[in-house]
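Right after this note come the structures.
In the two complexes below, chain A is the common chain; its partner is chain B in one and chain C in the other.
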Partner chain A sequence: MKKYILKKLALSVVTLLLIIFILFLLMELMPGSPFNNPKLTPEQKEALIRSYGLDKPVLQRYFLYLGNMLKGDFGISYSLSINTPVLTLIRSRLPVSMGIGVSAMLVGSAAGLAIGFLAAFHQGKAADVICMIVSVIGISVPSYIFAIALSYFVGFRWNWLPLLYDFRSPVISSVMPVLSLSVMVMSVIARFTRDEAIAVMKSDYVMFARSQGISNRTLLFHYVIRNSIMQVITVMTLLLVGLLTGSLVTEQIFSIPGIGFLLSSAITVNDYNVVITLSFLYAAIYVVARLFLDILYGIIDPRVRLGGNER
Partner chain B sequence: MADKAEIMLEIKGLDISFRSAGEMFHSIRGVNLVLRRGETLAIVGESGSGKSVTMKAAMGILPDNARINAGSILYRPEPGSEPVDLLKASPKWLRDNIRGKSIAMVFQDPMTSLNPTMTIGNQLIAAIRAHEKVSRKEAADRAVTLLEEVGITEPERRMRQYPHEFSGGMRQRIVIAIALSCNPSLLICDEPTTALDVTIQDRILELIVSLQQKRSLSVIYITHNLGVVARVADYVNVMYAGKIIETGTIFDVFYDPRHPYTWGLLSAIPDDASGEELYSIPGTPPVLSKEPAGDAFAPRNPYALEIDFKEEPPMFRVSETHYAATWLLDERAPKVERPKALNDRIEKMKKEAAEYVR
Partner chain C sequence: MGDWKMKKILSLFLFLTMCFLAVFVCEGSEEGQELNYMRRGRPSTMDAQYAADATSMQYLVLSNGRLFQYTTEGTLEPQLAESYEVSDDGCVYTFHLREGLHYSNGEAIPAEDFVFAFRRMVDPVAASPCAYIFQDLCHLKNVNEVNKGELPLEELGVSAPDDRTLVITLEKPCPYIAHILALPCCAPCSRSFLMKCGNDYAASPETMLSSGPFIVDRYEPLALQVHYVKNPEYIDADRVSLSGVSIREASNMQQSIMCYESGEADVIPVQGEFAVLSRDDPNLLSHTGGGSSYIVGNILDCKAWQNRNIRIALNLSINRKAIVSDLMYNSGVAVLPGIVPVNFAFDPNGEDYVKDPDRYKEICGYDVEKAREYWEKGLKELSVSSLELELLLESSGAKYSEVLKDQLERALPGLTITPRLVTTTQFIDMSSKKDFELAVYVWGADFPDPYSFLETFESSSSIIPAKYKNEKYDELMIEASLETDREKRLQLLHQAEDLLMLEDAGVIPVYSSGITYIINEHIKDIGSNFSGSILEFTYTQKESAS
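What follows is the complex of A and B.
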């Protein structure tokens, strides 16, 4: 197990280094520069570019940036909030995005698991059909539609909840964003849970366990849930990554000061360091999530843990 | 063969359909079957002939799309007890009193019969505690004894291992241990050796036979392998398209088969010594989404009479133990001889059996 984790860890580090390198190359290809103020003369722009070291070759900047990163320095913002360290910009916004993302994940997963198992146990019956119709709608309608609908009815018409995010009452103003994001999570998880659970319930080992008179309770917890949860956890983790990194559109609709909002603004003004740092953050969250999944597979599924030990 | 033993299981007129993709498939079309306590019975037939479905119905583990149209399955859990109709029993009663406790089933593929995420120790313990109120510790001790009984070495260490750490033969031993964990009286073996290497098949059969003697079990084998039948069974039921078409003692069916389908099955046993080309029954079994006209086997039957295409044959009596459903046994039917190659084969089998006894 230790060797297995170390191998996965090493792979993750290599992946991240590669990602930063590709990010640098892509930024190089992006048109325009961070210094777009029409009042600047070409000479002034030239001077700015030189003072920030942007005239150096890509490779050199890459290693310079890597070195600074190891020291915890992710550079400064060039245009959004001039000369503010990127980390400072992110530090205040990340918790907002994460709070909403994690809440949406928790609400969506709980509802999705419940609906999925409910549908699986009543396969082909009315409950199953209703659950699956709900889930198809939830998957096919983008979450910003729910966001707009919620803010129109609940926020504007009925005036039950604040229309826009208010950092003085983060819990109440998070309700609508969380709900609109969790619909998709719920629907995807419900679908996966149902399909996996049905496959497991049809398996030979469940049939054999039933033929032994094993109680429904044991069947449910030790056979069906345990064997169907693997796939579902994979989906959950990948969904969580998407949610943690903030939803670009939903954050706009509720004007949430999160990192999704920050990223979309940074891209439009070529704020290189902010874009690179945020992209790196997304990639890092994703890589860490995969690492977590691989380790979890090892814990839940003995076949992975003991890989290559087949007798 | 104890003919006087009491009837343990009696299936009468069992009739089952399956709904699949909007169509009904009439898979079991009136099965009658009798098992006496202590006997070994084999149900033989091609895949899809309804062998497994019949036994799954008895245990109440049919899939959801199955519908039982008619019939009864009378079962005596204890010697001398009143027979119970398993088809009328409640699911809870079946679970508490029949499944795993009185009737246990060994499935075809040991690679998929065990829960991949549970140690085999825990699976044994779960099976024991499904029917007996014993502590985990006590159940674990019994599990170790069971593993020893089925020939697993170092059982204490093996208890903590997962199914994927065992070979196919070992897994089938574990499946058998789980099946026997609550001392059932009837063991149903559904193709117990089909998925195993030829070299392992023999050992698993030997294991089942020895356990049967030691525990005085009644056993039903579901198989398409007549070699297995010849080695273990007292009685044989040949099944075709959801019906039993010939039934008798193993001597009746192997040495004096009467149904052309049984002739085909016996001719199709591979015989390494003969060097002849392997015989196979022409055609494929009927799809039972519509009722076959007359005898379901008629289209594949080179000996089919005109009436075979019009009316289903009843069970004709050959002897007290031997019955077959073919119009060839009707007194008005023309005299038809078994193929000569098959008669030679039967003579050879008799000779081999005589040598084996000596």
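What follows is the complex of A and C.
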């Protein structure tokens, strides 16, 4: 098991190093410079490029960046927020994105699990059809459509909730973003839960339990939920990663100061350090999530770990 | 799972719901005398001496007291200054500060803090983008030498003989210096406070010091929302009636309008079709003439642009009125009759600098027949039958590029215009590398003086280099910058503009732009700079809706 974890860990580190290198190359190929103020003279621009070390070769900058990164220094912003450490910019935004992402995950998961099990237990009946229609709509309609609809009706027409995220009232102003993001989560989880629950309910051991006269409730909590939840957790983890890394459009609609907003702004003005650090953060979250799932599978299912040759 | 477990889960769920409702009830907005202002853009810095963009300046004027501030009429009045004198040669300004000036932490503001702020901006180590203000706009004594590190900071033309006197020495007269000194970068900066904060200076409310009517209360770098509260230490605190101000970024116009309609915003800028929709709104406030959009060519590399007849043909082919009305919906925009917009700058008698808007009609009116005559002549001189020209624009100008392409190609047979839409970053990069044939440029004036537009056509200008070169023009501009008589100075600027427009037809002016705001009827007395790009809320009042 230790060898398996180490192998996966090493692979993750190499992946991240490669990602940073590719990011450096892409940044190098991007036209323009981070110093976009038309009022800067060419001499001033050159002085800024020199003072920030951007005149050095890309490989040298790559290794310098890696060295600084190991010390926890991700550089400073060149143009978005002049001279502000990138970590400061991320530190204030990540909790907002995470707060909204995790809330959307919790609300969406709770609703999705309930709808999924309800549909599974009433398979083929009206409740199942309604639940699945709701879930298909939730999956196929992008979350920003719900965001716009909520914003228009709940925020503008009826004036029930604030239209925009406001740091003076963060909880109330997060309700609409959370709801709009949770629709997709709810729909995906409802579908997975329903399919897994139906598969479990058709298995021999559940059929046997049912034939023994075990009540539906006991059947649900003792057999169906326990055995179908594993696949659902996998989906939930990947959905959570997507939500944590921010939803750019939803952030724009509700004016949320999250990291999605930060990345899109940084790309447009060539703020290299911000783009590289955020892209690295996104990649790291995905890599860590995959690593977590790989290890979890390895623990739960030894066949995955042994790969058939360490038997 | 037993019943007790279900009960536990239900209890937890109920508890969480109660908590949420409690927060919902407790989270009240801080209303009252709070003003909510929505606008495009976020501050790139809250360090005043690094703020060279209008957006950052807007956020900074609230918390940074300057020698002058903007009035509700768009003019200037002393803020931290009590009075000032100018020397006969117009190069030495002596300012007397008001008594009892204090920062928000209670410390006194000595004149030396203004000196420190000026030195910070031109310090070569600091590399502040504000240095251009004292190099290009008002020529502070020794600024170039100090900025290059050839002279020490102490040699800069600014000094404080005592705590309440500030002396600014210029190399050339600068009749618009009050507008420069009203910029937040010219606010005082406390050396001791800056040293104490180190690299974190101006990165959070705790590391900011206010000398203006408001204190930054909530801020994070690159914030979408900044909140201010009244500064009790401000010299005129008794006259400040707002308890707080919230400025936040709107990502689009629809969002602003919805926030205004639902009461979440009191002041919003509107433009284009949205300004048309709000045309009958009695609360509309328009400012015109702060910026201009024009087309320039690469005089070094573009053969077609080097030909005067071709330049005139292009100029006469553009239907500016149609662009202003059909594309821009007449919202704060007007036809640009020369390089300086109408209703922008005024002579000592209060008359518009642009005395005759038709002065350059021969060159930049709309006359397709004449345009074709010049076009044929130009093609003959170039010995070609057709021309293909690339038009560089920022990506936000997609519709504009289509209209220009359509008008030019319709008017001039054999002309093919290829619009090249790029990001702002690429636009600046390509124009500074002279990698363009024709480019559409939008320039916002820094002060209400013709010089603000005309100086960008000097051959030494870094604003789109290679767009124009004429030694006589450069000489006239230098002569104007040294002239102390205001009327003579304006005459020289007129001569320079005549040279650029009539003799050389060196630019294709299209339209002048302005800003329109919708302001809640309960809001009174908002100050603004000459172009309306910066609003000031020092004496703004918000009447209760009832």
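To be clear about the criterion, the second predicted complex is superposed on the first by the 274 of 311 C-alpha atoms of A that agree within 3 Å, B and C clash if a C-alpha of one lies under 4 Å from a C-alpha of the other, contacts with A are read in each partner's own complex, and residues count from 1 in each chain.
Keep this in mind: a residue touches a chain if its C-beta (ideal position, glycine included) is under 8 Å from a C-beta of that chain, and two chains touch if they have at least 3 such contacts.
Just so we're clear, the structure is a prediction, and the values are computed from it rather than from any experiment.
Novice: Identify the partner contact of A:G124: answer first if only chain B is touched, second if only chain C is, both if each is, neither if none is.
Specialist: A:G124 sits against chain B, while chain C stays out of touch.
Novice: Identify which of chain B and chain C touches the larger number of residues of chain A.
Specialist: Residues of chain A touched, chain B against chain C: more for C.
Novice: Where does A:T15 make contact in the superposed view: on chain B (first), on chain C (second), on both, or on neither?
Specialist: After superposition on chain A, A:T15 lies in contact with neither partner.
Novice: Once the structures are superposed on A, label A:S264 by its partner contacts, choosing first (chain B), second (chain C), both or neither.
Specialist: After superposition on chain A, A:S264 lies in contact with neither partner.
Novice: Tell me the contact category for A:L80 with respect to chain B and chain C: first, second, both or neither.
Specialist: second
Novice: Between chain B and chain C, whom does A:N227 touch in the aligned arrangement: first, second, both, or neither?
Specialist: In the superposition, A:N227 contacts chain B only.
Novice: Based on the superposed arrangement, let me know which partner A:T237 touches: chain B (first), chain C (second), both, or neither?
Specialist: Neither partner.
Novice: Mind working out whether A:A209 is in touch with chain B, chain C, both or neither, as first, second, both or neither?
Specialist: In the superposed model, A:A209 contacts chain B only, not chain C.
Novice: If you lay the two complexes on top of each other, which residues of chain A touch chain B in one and chain C in the other?
Specialist: 222
Novice: Looking at the complex, which residues from chain A come into contact with chain C?
Specialist: Those residues of chain A that touch chain C are 31-33, 36-42, 44-45, 47-48, 51, 77, 79-85, 88-89, 92-93, 151-152, 155-156, 159, 162-172, 221-222, 252-253, 255-257, 261-262, 265, 268-270.
Novice: Under the stated contact criterion, what part of chain B meets chain A in this complex?
Specialist: 59, 61, 63-64, 95-96, 98-101, 104-105, 107, 109, 112-118, 122-123, 126-127, 130-131, 162, 164-167, 175, 178-179, 181-182
Novice: Please give the residue numbers of chain C that touch chain A in the complex, ascending.
Specialist: 1, 20, 23-24, 27-30, 42, 44-45, 47, 50, 52-53, 124, 127, 129, 131-132, 135, 199, 203, 218, 220-225, 227, 246, 248-252, 255, 258-259, 261-264, 422-426, 428-430, 432, 462-463
Novice: State the interface residues of chain A toward chain B in the complex, per the touch definition above.
Specialist: Within the complex, chain A contacts chain B at residues 123-124, 202-205, 207-215, 218, 222-223, 226-227, 300-303, 306, 309-311.
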